[in-house]
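Look for chain A in each of the two complexes below; its partner is chain B in the first and chain C in the second.
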Partner chain A sequence: MSRNPYVRPISKTTWYLRNGRFRIYALREVTCLLVGFYSFLSIFALRALWQGADSWNAFLASQQSTPMVLFHAFALVYFFIYQTVGWFQLAPKAMPLMMGEKKVAASTIVLGHYLVWALVSLFLLWFVGVI
Partner chain B sequence: MSTRQLELEILRYDPEKDEEPYFQNYSVPCQDDWAILDAVNYVKENLDTTLAYRWSCHMMVCGSCGMMINGDPKLTCKTFVRDLPDKVRIEPLENFPIERDLVVVLDDVIEKLHRVKPYIIRKDPAPENEEFNQPRSALMKFKQYTMCINCMCCYSACPQYGLNPEFIGPAALALAHRYNIDSRDQGKSERLDILADHDGVWDCSFVGACSEVCPKSVDPAAALQQMKVDGAMEWWKRKMGFPGGDS
Partner chain C sequence: MAIAKKALVWGLFAAGGTVSSFLFPFLIALFLLVALGATPEGLQYETIRGFASSWLGKLTVFGVLFLSLWHAAHRLRVVCHDFGIRADGAVAVIVYSLATVGTLLAAWYLLAIS
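Up next is the complex of A and B:
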């Protein structure tokens, strides 16, 4: 009897469409495009600020157009919330805590992160005068 | 006990005859309490004695009956017929070459399991003629990583391993982590060169599929993320001229 193992081909370009798990992962990775966009936006904002009041006000006005508001709303939901949920879920995996002989439950660590997130958000909203 | 007719679509491959694998259908009268392994055994015993597959314990201990069940890597002894639709597709574990039918070639993973030095390494001499005591809290840190039965479902679920077979992969890296965080071990820096290399932990992009499919809740994805933190810390320690932390 001879050996002749068969190697199943894997598509280098469409592998992430194979199942739901991979598709969710791909959607997470695609958020890097938004990271890139917001990096450029920050650079444009700094340039506008450096150029003076008129330029800065024009930049602010450009961000308040309906398409841009819709885009920022989409980015908030897709990028920030999706990434936050993802990274908070990762936290207990990357940094497990021991209390004596027992591991702290993953849900407790995740809840702690949400609590800190809420407190920091409230502080920032207070700091900029929204609340 | 009632029976239900299940249509099994099983991938077949005879290395002496076939150019490539093909699906063959079998109709199996399954009892409600059967695992899918019982259905495959029924095929072997009653319908087609040429079918090749691995199994041994039928109780989630030996780790040899892993297969793709409707596209998901699972232990067939732990996957029950009552939880499946009437049509079930059974394939050999993905990301591995097919030896014959549902049997895959595991040589690559066996070599990787050896490569990560999965044993206690000591620099100071270990206690002689007495037990090497370890507090329970130290045991609890790594116990979950000792539960791996090498079923290789995690490798089959990992797209990074599928795309780059040089990647050491989830089970072997989780095993290395098990020893790295064992309070009796002093071999962390010795393993670092293997684990933090190009094909080590940094090839993992945290898809997380390995942990989702693990039938023993080992959570290899957690081990890999912890190793990334450890690896980065060790790299900085070396860069700054501090001694490595082995214990």
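Up next is the complex of A and C:
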């Protein structure tokens, strides 16, 4: 073995820009910022709810703005593509399922996740009175 | 001990990832409707307070927020490392502290809503 091996220089801060797979990985991982943002926004909403009707209505009114509409619309699409789809694609790898001696096909597991997601979302939309 | 800690962090990360994958598109859609001024019936004060007063409502909201916060915290810790911030100890303290504060605030407000 060489005493002084050559180490290919790799940037610690921009390495994921070199390759499409790495880029998708980075785009997927940063969805955690959206999870954190919406969790804290929900906690802020809980605070307004706890303070009473006036605070709650003021909170709802404070959320109405064009920039927030654009942000939420972007977040919805981005989150669905990189978190929900990404997570469902990983599900059969993280939790391979056996039916007796046979392995359940990966596509079946992924499809099952989308089906449950659609049913849960439809139920929740009905529950809050949107549909 | 190290293995036990890792299992706990990973368990919360995986549970939070699953919960947020299923429920956050709906949650973001709700905020989108509110931003558009089309607040759904279920978010009117009396209705949402009624839901948050029930134990089922409190436990559901707390469970979703708790798991999502810890999922985001753990992933953000790894993202910091990936983006070149190698002070993992400090990053871990910050992100897990934020998740703890969020968890406690969520619990506090939910318990206080009657």
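Following the convention adopted for this analysis, the second predicted complex is superposed on the first by the 124 of 131 C-alpha atoms of A that agree within 3 Å, B and C clash if a C-alpha of one lies under 4 Å from a C-alpha of the other, contacts with A are read in each partner's own complex, and residues count from 1 in each chain.
Going forward, a residue touches a chain if its C-beta (ideal position, glycine included) is under 8 Å from a C-beta of that chain, and two chains touch if they have at least 3 such contacts.
Predicted model, so just to flag it, every value in this text is computed and none were measured.
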Touched partner set for A:Leu76, first chain B, second chain C, both or neither: second
Partner chain in contact with A:Trp117 - chain B first, chain C second, else both or neither: second
Touching partner for A:Glu29 - first (chain B), second (chain C), both, neither: both
First, second, both or neither for A:Tyr38, with chain B first and chain C second: second
Contacts of A:Tyr6 with chain B and chain C, given as first, second, both or neither: first
Chain A: partner with more touched residues, chain B or chain C: C
First, second, both or neither for A:Tyr16, with chain B first and chain C second: both
Chain B versus chain C as contact partner of A:Lys93, first or second or both or neither: first
Footprint overlap on chain A, comparing chain B with chain C: 12, 16, 29, 94
Complex contact set, residues of chain A against chain C: 11-13, 16, 26, 29-36, 38-43, 46-47, 49-50, 53, 56-57, 60, 63-65, 68-69, 72-73, 75-76, 79-80, 83-84, 87-88, 94, 116-117, 120-121, 124-125, 127-130
Residue numbers on chain A that touch chain B, as the complex places them: 1-8, 10, 12, 15-16, 18-19, 21-22, 25, 29, 90, 92-96, 98, 100-103
Chain C - residues contacting chain A, complex: 14, 16-18, 20-37, 39-43, 45, 48-49, 52, 61, 65, 68-69, 71-73, 75-76, 78-79, 82-84, 86, 98, 102, 105-106, 109-110, 112-113
Contact footprint of chain A on chain B as seen in their complex: 13, 15-16, 18, 20-21, 71-72, 94-95, 97-99, 105, 135-137, 140-141, 157, 159, 162-163, 205-209, 211-212, 219, 221-222, 225-226, 228-229
